[in-house]
Amino acid sequence: MKKLVSVKDAIQLINDGDTLLVGGFGLSGSPLTIIDEIAASDKKDLTVVSNNLGEEGRGLGKLLVAGNLKGAKGSYFTTNRDAVKAWSKGELEIELIPQGTLAEAIRCGGAGIAGFYTKTAAGTKLAEGKEERIFDGEAYILEKAIKGDVALIKALKADTLGNLIYDKTARNFNPVMATAAKVVIAEVDEIVEAGSFAPEDVVTPHIYVDYIVMNRYIKKGGRYVESV
Amino acid sequence: MKKLVSVKDAIQLINDGDTLLVGGFGLSGSPLTIIDEIAASDKKDLTVVSNNLGEEGRGLGKLLVAGNLKGAKGSYFTTNRDAVKAWSKGELEIELIPQGTLAEAIRCGGAGIAGFYTKTAAGTKLAEGKEERIFDGEAYILEKAIKGDVALIKALKADTLGNLIYDKTARNFNPVMATAAKVVIAEVDEIVEAGSFAPEDVVTPHIYVDYIVMNRYIKKGGRYVESV
Amino acid sequence: MSQSERIKIAKRVAEELKEGEAVNLGVGIPTMIPDYLGDKKVFLQSENGLLGMGPTPADEDIDMDLISASKKPVTYEIGASLFDSSDSFKMIRGGHIDVAVLGALQVDETGEVANWAVPGETILGVGGAMDLVAGAKRMIIASTHVSKDGSPKLVSKLTFPSSGKRKADMIVTEHAVFKFREGKMYLVEILSDISIDQLKEITEANFEILEKVK
Amino acid sequence: MSQSERIKIAKRVAEELKEGEAVNLGVGIPTMIPDYLGDKKVFLQSENGLLGMGPTPADEDIDMDLISASKKPVTYEIGASLFDSSDSFKMIRGGHIDVAVLGALQVDETGEVANWAVPGETILGVGGAMDLVAGAKRMIIASTHVSKDGSPKLVSKLTFPSSGKRKADMIVTEHAVFKFREGKMYLVEILSDISIDQLKEITEANFEILEKVK
């Protein structure tokens, strides 16, 4: 399968200073294997766009501990105390974006749309410095598209062409992120023959996916645990 | 099933002068039964938002012949000579919208987004009167969201809650239209028990659907034909 | 606040929900509401991409890839559907959720809500709060009447950062139910043995009193 | 134009497509391309919501709910996927289609394309033409060299309405192949027994001639 690469090779596609779109809602739907490999590397000055920064020392939280990060853009970092601390000390830039605006901005990044007017956050602190405009008597703010250099996403299965399906709510930000980066690397639990998915079942069509990496974690008791 | 209504009752939800979002790409994915009922009614001054206006005397083309229409917004009317003639005589207002802009504008209408900057049509005749703005050195135009009073969509099956799945490329504009009107009426071939669709398989979640109407046409030789 | 007061609030909000509505529940007291719905069936939506969220599974059925927006394991109700985050917020922001029940740090007398940030504190989270405030058809606040430090939560004007210009429709506390209509706040029900004078003392916001409550 | 000339154009464009590319084919000559790909496998995308479009089915397998953007019955290739119109144009406008092969009414010497409207005629259709012009990574025009009335299609400046500011990368006609680079037009190949002088006569656009063609 020509898109399959080792995780070692996969992270060579990431350059210092890159913006990474990383799927997941907390740890669910997060590409844990690829994240581990980055944490073990000397990649630096990365900016991560993800809803959270994993948890303390878990998932994307590892990149913070390992010193790979320059900044993070997402909707919720409060529960990762490492992130809060790093931000307080000026060691991590954080941009806080409402969750729906984040999802939509990434979708636009992948859809050839440069910006959109949303009613979310209009009139709030998070709208400061943003253009406000009235449509039909209601205030909207202009939000710009978000794109990444590399998207790191997690799917349940790929077929040999690279079509993807996701596991339950582990889908979350992954399908939109798959559309909005120059290079898209998908971590998957399993690869099946092309033709295994009905055309209706494909969530991410293969043309969005550049590389596939196998997940090293295995699921036990409803959680991914490191395999021996 | 509480959302199921007769087609007679369904079209009572349409008022003279309404804007209707009507699914379909040509005749495929078009709610033929509901359209027939409107054509047989004295509804008037309707504006139809749909990719095409059906074909001559078929699908949405019937509304033109029956005199229900004031206007049409869509991407391609050239092949319906009735529409071209009616427009030439000043009997039908037509607004021409690039197909992708049409789909996106309707999606925005359903998504709480008032407008978006697209690169499609920038610098062309179809951008006249529209705001142009440069993002990252490229020209984009502002397109506003499209909403309807009533959406008339066609699905393959509904479950008893109103979740919908679609048939192959008959999906087209139907799922976005289901999100962007005050009242959504779905015409379906079959109703199945809630729980029959896996959560992954639902394309239009039931909260978007207000009413269900049974399709009177049956499929024969790959086409919907009138049942006797 | 005692657990019984929390339950009182959850129960009272549960009465406001109507059969068949699509409901998004914020963290805290709102998550207790499903226990008090009785036979009433509502459809719970979760920001991370699920409509038709069911109760917590048995331990052996836990799957951390089927979770709520609070990252707790959940189950499917019959007729549930899955979608990605952009479709989830299309649903929320686009006005397709009937009711959002949210907590609040402050609510002012016009119904404007502050529920994401405390001035002077490190706040690095907003989540879906602002999207829900902007988009849900009805917004009900479920909250304690005063803050932990005793300061009023129902204020005349927000001193905490606003979550959006869109006003709440109702607030339910352990003491009372208020509704907001056209920029004004109305006391519609008293839920404890508090007197109206006592209520006014712990409520900085000005409110009018509906005839039936007097 | 004769069928053999149409085939010549389709064959020549087919050579430009690379294994594994996602390709959107406009109406007319472009739709003939799949017949001339040999072993080369490309993924055909159709605006109405299909990636992995296969050939016309046998009569008894026709399903008018599995159709191309030209509303002709098609089939699935292995690994095909279905999506709605907004997702389809996200793919097109977002730059995820490798090549769009389109017809044209006029192309000017900078590569700007007019392919949707004739001045003075009733044109009430644009379809996905402008989205493809704006979004496809490469744009190849497959067209007759001159119009049916003999007027040049390759013009110095468009007189027909433009389809967008984005320029074509290449045009293939029955007589020649031209490439466009940084606002200039280059003759890269002659496909018929036409002389360069004759070619200049039927080509209003100014073009430079690559060394190898001279």
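Per-chain numbering from 1; labels A, B, C and D assigned in written order.
Here is the rule we go by: a contact is a pair of C-beta atoms (placed from the backbone, for glycine too) under 8 Å apart; a residue touches a chain by one contact, two chains touch by 3 or more.
Fair warning: this is a prediction, and the values are worked out from it, not measured in the lab.
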item: Result of counting contacting C-beta pairs for B-C and A-C, higher pair; value: A-C
item: Rounded Å distance between chain A and chain C, as computed from the means of their C-alpha atoms; value: 29
item: Length of the line joining the C-alpha centres of chain A and chain D, rounded to whole Å; value: 35
item: Centre-to-centre distance between chain B and chain A (centres being mean Cα positions), rounded to whole Å; value: 33
item: Interface hub residues of chain D, defined as touching at least two other chains; value: 50, 82-83, 89-90, 92-93, 134-135
item: Contacts with 2+ other chains: residues of chain A; value: 104, 107, 111-113, 118-120, 168, 199-200
item: Chain contact topology (line, ring, star, complete or other); value: other
item: Touching pairs among all chains present in the structure; value: A-B, A-C, A-D, B-C, B-D
item: Contact set on chain B toward chain A in their complex; value: 104, 108, 111-120, 133, 135-136, 138, 140, 144-145, 165, 168, 199-201
item: Parts of chain A lying in touch with chain C, wherever the complex brings them together; value: 25-29, 51, 75-79, 83-84, 87-88, 94, 96-104, 106-107, 118-126, 139, 167-176, 203, 221-224
item: Chain A-touching residues of chain D, taken from the complex the two chains share; value: 22, 43, 50-52, 76, 78-83, 89-97, 134-135
item: Chain C partner contacts - residues on chain B that touch it in the complex; value: 107, 110-113, 159, 161, 163, 179-180, 194-195, 197, 199-200, 202, 205-208
item: Footprint of chain A on chain C - complex, ascending; value: 46-50, 61-67, 69, 71, 73, 82-86, 88-90, 92-93, 117, 122-131, 134-135, 161-166
